[in-house]
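See the structures that follow.
Next come two complexes, and both contain chain A; in the first it sits with chain B, in the second with chain C.
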Partner chain A sequence: MPRRLLGLLLVLPALAVIALLFILPLVMSAVGAFQLDGGLGLGNFAKAFDLYLKDILFSVGIVSLSTVLIGLGAVAIGGYLTLGAHPVAVTILRWLYRWPMFIPFIVVGQILRTFLAKNGMMNNTAVSLGLMGPIDAMSFLDWRGIVIAFVWKQTPFVALLVAGAMASVNREGIEAAVNLGASRLRVLIEIIVPQVTATLAVGLILSFVTMMSVLSVPLMINAQSPTMLTADIAFRVNAYGDYGVANALGLISLVLASSVAWIYLKISLRERA
Partner chain B sequence: MTGLRLNLSVLWWLPRGLIFGLMAFFIFGPLFNMLLWTVTEKWYFPHALPLEYGFSAWTRVFAPRGGALESLGNSLVVAVLTVIVSLAFAIPAGYALARLKLPLRSLILLAFLIPQAFPNLTVYVNVARLFYEIGLNGTIAGVVLVHVSHGLVYAVWIAAAAFSAIDVELEQAARSLGAGAMRTFRDITLPLAAPGLMASAIFVFLESLDEFTGSYFVGAPDVNMLPLLLYTAGSGGNYQVASITALLLLVPSLIFMLIVERFLKADVLSRVGR
Partner chain C sequence: MNGSGYLELNGIASRYGATQVLKDIDLSIRAGEFVALLGSSGCGKTTLLRTLAGFVAPSSGSVHIGARDITHLPPDKRGMALVFQSYALWPHMTVDENIAYGLKLKGVPRTQIAAKVSAMRSLLGLDGLGGRKPQALSGGQRQRVALGRALVIDPEILLLDEPLSNLDARIRLTVRHELRALQQRLGITAIHVTHDREEAMVMADRIVILDAGRIAQQGRPEEVYNRPATPFVAAFMGAENLLALEGLVSGDRFVLAPGAIRATGSVSLDGRSLASGAVEARFRPEAARILSDADAAAPEEGLTFQGEVLAVTYPGGHWRHVVRAGAHEILADAPRACQPGERVSVHVGADALFLFNTAQPAAASLSRPSGAKTEA
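Let's look at the complex of A and B:
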């Protein structure tokens, strides 16, 4: 059997799962987005933009800000693990940073809701340390809470990927640069980060699309307006049974997420060319 | 001179200690807050700590009508089945992506990302409608299938990375000694890829345990799962029950966190998504 055909045969069952259980319902929802009472049209989109434009911008802003913060955090952690001068400090960080990685999103939502609330542990600790008075305590259960939850949960995952890639960067170049007097920050930015961009991009894209899809965190931390598109979709379905607008909102977030995936595809194709 | 340098290097522990301390507070603070809630009898504003401690919420959760045991059982069964089915699909696919010449390889890799790239909500609504037609709605099998479609990206991407990290020459050596393709795969390739496959199994297991949206639309109300119990308790303001459920979901996550680096080595990690 030709190797190409064999390869396709081996990949086909897994692709069929995606096709039947995801692409097909996805097409159904895409078609549903254009279905109106009297046929096809753009009415659902007009309604979606009319009611939820603020939430669309809010979602993009929140997820983009979180992605940037996750990237910075992951590079900082990975960089310190690779270049850190003191072995004890490196060991402490290696032990410390990973804890939130596998904590389910729904648990993250619940524990940060109690932690960031006005009478949560964060404010209570600040008050008892004398950093602020009880009156200054404020709730972080708004857009900041969502960003904190996303960064809290996703940074260790990207940092793990990035640190792994950094560990396999050639040490000789790093040591030569250090011997020539380059600061460790400069070595990180100019030598190490350029060699791990592919891994960093994969981690950040996975995080971006994950955050675009998470329903539990916005529901549990901030379900008031403005909120994330996922909460709006759930609301349209649960409260009104309005699948048209829900599907339209779903299609809008697909376009947002797939534009990021498209950027990744272009970069990886260019690298291979 | 050396004494001065020693003092300076000790001084470095000031910023380090400050940063590590802040990190530890933000990582462990919420977890500690949750642990407090699991043993709280009475706690209200403006008290910084619970007023009364006790285990009454635990007896309520684990009472036959509390639902936790049923949810825990369902969640574990679904997660284990999801891992088995996902790996059955991902091992051949990952091997083909790593070793065989495939047309449109990048597009195929990207296809597995699709279920992660779309707000699952609207898709799961339509999946539920499809499953309802064929009698899969409200069954364990239905929930497993939804979780498989969601977890395949981890399974396939990590499996492909694990296979491509294996030295081709080892396989060629086995072949030149007369082993057939299947034998080489079973005796050489699969054992060498096992740590990476284990890591992908861990990711799929946790994805399934974590999954909320699909379980809600396809499973509920017939198949109760832990995340669903947590959400209903939390939105009902019952922080004790929500925190106990959260703890039940946390334990496997933390165990896996401690062991995952044993399976996911740098040579595999650097190949993920390539």
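Let's look at the complex of A and C:
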């Protein structure tokens, strides 16, 4: 047997798995999004936009806001790990910040549901501390709850990437800025962050895509309308068996997610040019 | 120290964990002086520079500029600018932005920044490169940008941490002279850390040799070179050849005992303390002369000994011989090549022979002990 064929044979199982379990379902649901009773058309998309435009905007808004907050949090954590002057505080932070990464989204949803509810732990604590009266207590189980859940869960992941990149920034470059009189905040914003933008962007894009696909958090925290696209997809399939609209909504979230990846690709190409 | 200096270090000590990196450093530097801190890796020279810059707090001692105590001031309040070994240019900024950053931090108006940056570019020969990123520059150009970034804020003192060690050997020779000329033109006080003896000799007004966290000797380049105070300084300044000898003080002369290598000769004590007994003799390969049979009558002044040629190489300009003398192997240069196996006499002139008592090598020395107190 020729050598090239042998090589092809060796990668065939892997290729087959990807083709059968990933590409085929993707293509089928993409095609399914255009399938109507009487042939192909854009009916499913019309219905999706008609019913769920609010939810599409809601999803984009929630995930964008979360991404911004995650970026700020990750830079703050990475910056303190890199520039922190108090070794004990740095060690404690280094040990603590990764924990949420190891907790599944569904558990995050559960934890925050009991924490943020009107009679949840947050309000109870505030009331017992005398910070507010029981009448002022309000539930955070709406868009704010989703944002808090996403930021809490995803910040450690981005911080891990960003802190690693920051640790490899030339220490002498940081000292040179300090030598010229830069404060720690200026060193972080003007010297360190510009040198880790690529890593930060990768982390944020991965987080964006992950958050777009989370079902458990919106279901646990905010099942009313407006909600996120994932909850709508589940609802179309489970309640109506309406795969057409579900596929259309899936394709819409795919486009949203890949538009972010496309922005990143453009940035990295420009940097390399 | 006498306190007449501009930058004064008094009893500086520094420890890193349990390790004592610097001990009792007293140093006085005049305004406008170019001082080289010379030493091998781990001798504490970079720690001393970082202590001056304010990145390392000394465990004891004080640093003054004039009457101002700067021991505990933050790095940017000391009037010092540091040029790093890696240049430490910021890769996301252009040449102009790198140079301008210090001025921007000081809140200098934008028009003034532009004028100063442009003047600095001209001074350093970086015209036309202002818009480039550091990655698009050669090593020499990067080094000049780093220098420009330090000089543009008009520091009182310029600290240089091995700024030439990342350059090609050929460029380094030119940059040495450029840097020295620039320092003289600006009249700025400069402290230069290096492990390169020749670089220190060529550039500095004064050389401070550090050994294991202490100042082993300081003085003008020719003093340190010709009158090393300790065996370490002698070896560091190139006198790597080592012979163990015995000798007797006789009047104002130190007479060498023959021993295994049939050494003969004597040197004048010239008022220096050298006790009878075991000594180590140090000299440079170029100071050793291989005598032909014709001048078999060894000169009385200096040291002459017997040996056997083991190998000969040609490093350029002269032949370098490996000569076995007793238990030691030494290097000796000669204008003509001797054959391996040949028995030869080797002569070292009194001026180029450094003798140190083995028992207390730091205290007793043929060289002028006051060398350590030189205030150039």
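Going forward, the second predicted complex is superposed on the first by the 253 of 273 C-alpha atoms of A that agree within 3 Å, B and C clash if a C-alpha of one lies under 4 Å from a C-alpha of the other, contacts with A are read in each partner's own complex, and residues count from 1 in each chain.
We adopt the following convention: a residue touches a chain if its C-beta (ideal position, glycine included) is under 8 Å from a C-beta of that chain, and two chains touch if they have at least 3 such contacts.
In this text, all values refer to a predicted model and were calculated from it rather than measured experimentally.
Colleague: Looking at the overlay on chain A, is there a clash between chain B and chain C, or do the two fit?
Modeller: fit
Colleague: A:S268 in the overlay: touching chain B, chain C, both, or neither? Say first, second, both or neither.
Modeller: First partner only.
Colleague: Applying the touch criterion given at the start, work out whether A:G241 contacts chain B, chain C, both or neither, answering first, second, both or neither.
Modeller: neither
Colleague: Tell me which partner A:E172 touches in the superposition: chain B (first), chain C (second), both or neither.
Modeller: Touch partner of A:E172: chain C, not chain B.
Colleague: Of chain B and chain C, which one touches more of chain A's residues?
Modeller: B
Colleague: Of the two partner chains, chain B (first) and chain C (second), which one does A:G7 touch, if any: first, second, both, or neither?
Modeller: A:G7: touches chain B, not chain C.
Colleague: Applying the touch criterion given at the start, work out whether A:G39 contacts chain B, chain C, both or neither, answering first, second, both or neither.
Modeller: A:G39 sits against neither chain B nor chain C.
Colleague: Please compute the chain B to chain A to chain C angle from C-alpha centroids in the superposed arrangement, rounded to the nearest 10 degrees.
Modeller: Angle at the centre of chain A: 80 degrees.
Colleague: Kindly classify A:P87 by the partners it touches after superposition: chain B alone (first), chain C alone (second), both, or neither?
Modeller: After superposing on A, A:P87 lies clear of both chain B and chain C.
Colleague: Once the structures are superposed on A, label A:A257 by its partner contacts, choosing first (chain B), second (chain C), both or neither.
Modeller: first
Colleague: Of all C-alpha distances between chain B and chain C after superposition, which is the least, in Å?
Modeller: Taking the overlay as described at the top, chain B lies 9 Å from chain C at its nearest C-alpha.
Colleague: On chain A, what residues does chain B touch that chain C touches as well?
Modeller: Dual-contact residues (chain A): none.
Colleague: Where on chain C does chain A make contact in their complex?
Modeller: Chain C reaches chain A through residues 53-55, 75-76, 80-82, 84-86, 88-92, 101-102, 105-106, 149, 153.
Colleague: Show me the residue ranges of chain B that touch chain A in the complex, using the header's touch definition.
Modeller: Interface residues on chain B, with respect to chain A: 9, 12-13, 16, 20, 23-34, 37, 45-46, 48, 89-90, 92-93, 95-97, 100-103, 106-108, 110-127, 129-130, 145-146, 148-149, 152-153, 156, 206, 209-210, 212-213, 227, 230-231, 234-235, 239, 242-243, 246, 249-250, 253-254, 256-257, 260-261, 264-267, 269-270, 272-274.
Colleague: List the residues on chain A that touch chain C in their complex, please.
Modeller: It comes out as residues 170, 172-173, 175-182, 186, 190-191, 194-195.
Colleague: So in the complex, which bits of chain A are touching chain B?
Modeller: Against chain B, the touching part of chain A is residues 3-4, 6-8, 10-11, 13-15, 17-18, 21-26, 28-29, 32, 86, 89, 92-93, 96-107, 109-115, 118-122, 124-125, 127-128, 134, 152, 160-161, 164-165, 167-168, 198-199, 202, 205-206, 209-210, 212-213, 215-216, 219-220, 229-230, 233-234, 237, 243, 246-247, 249-250, 253-254, 257-258, 261, 265, 268-269, 272.
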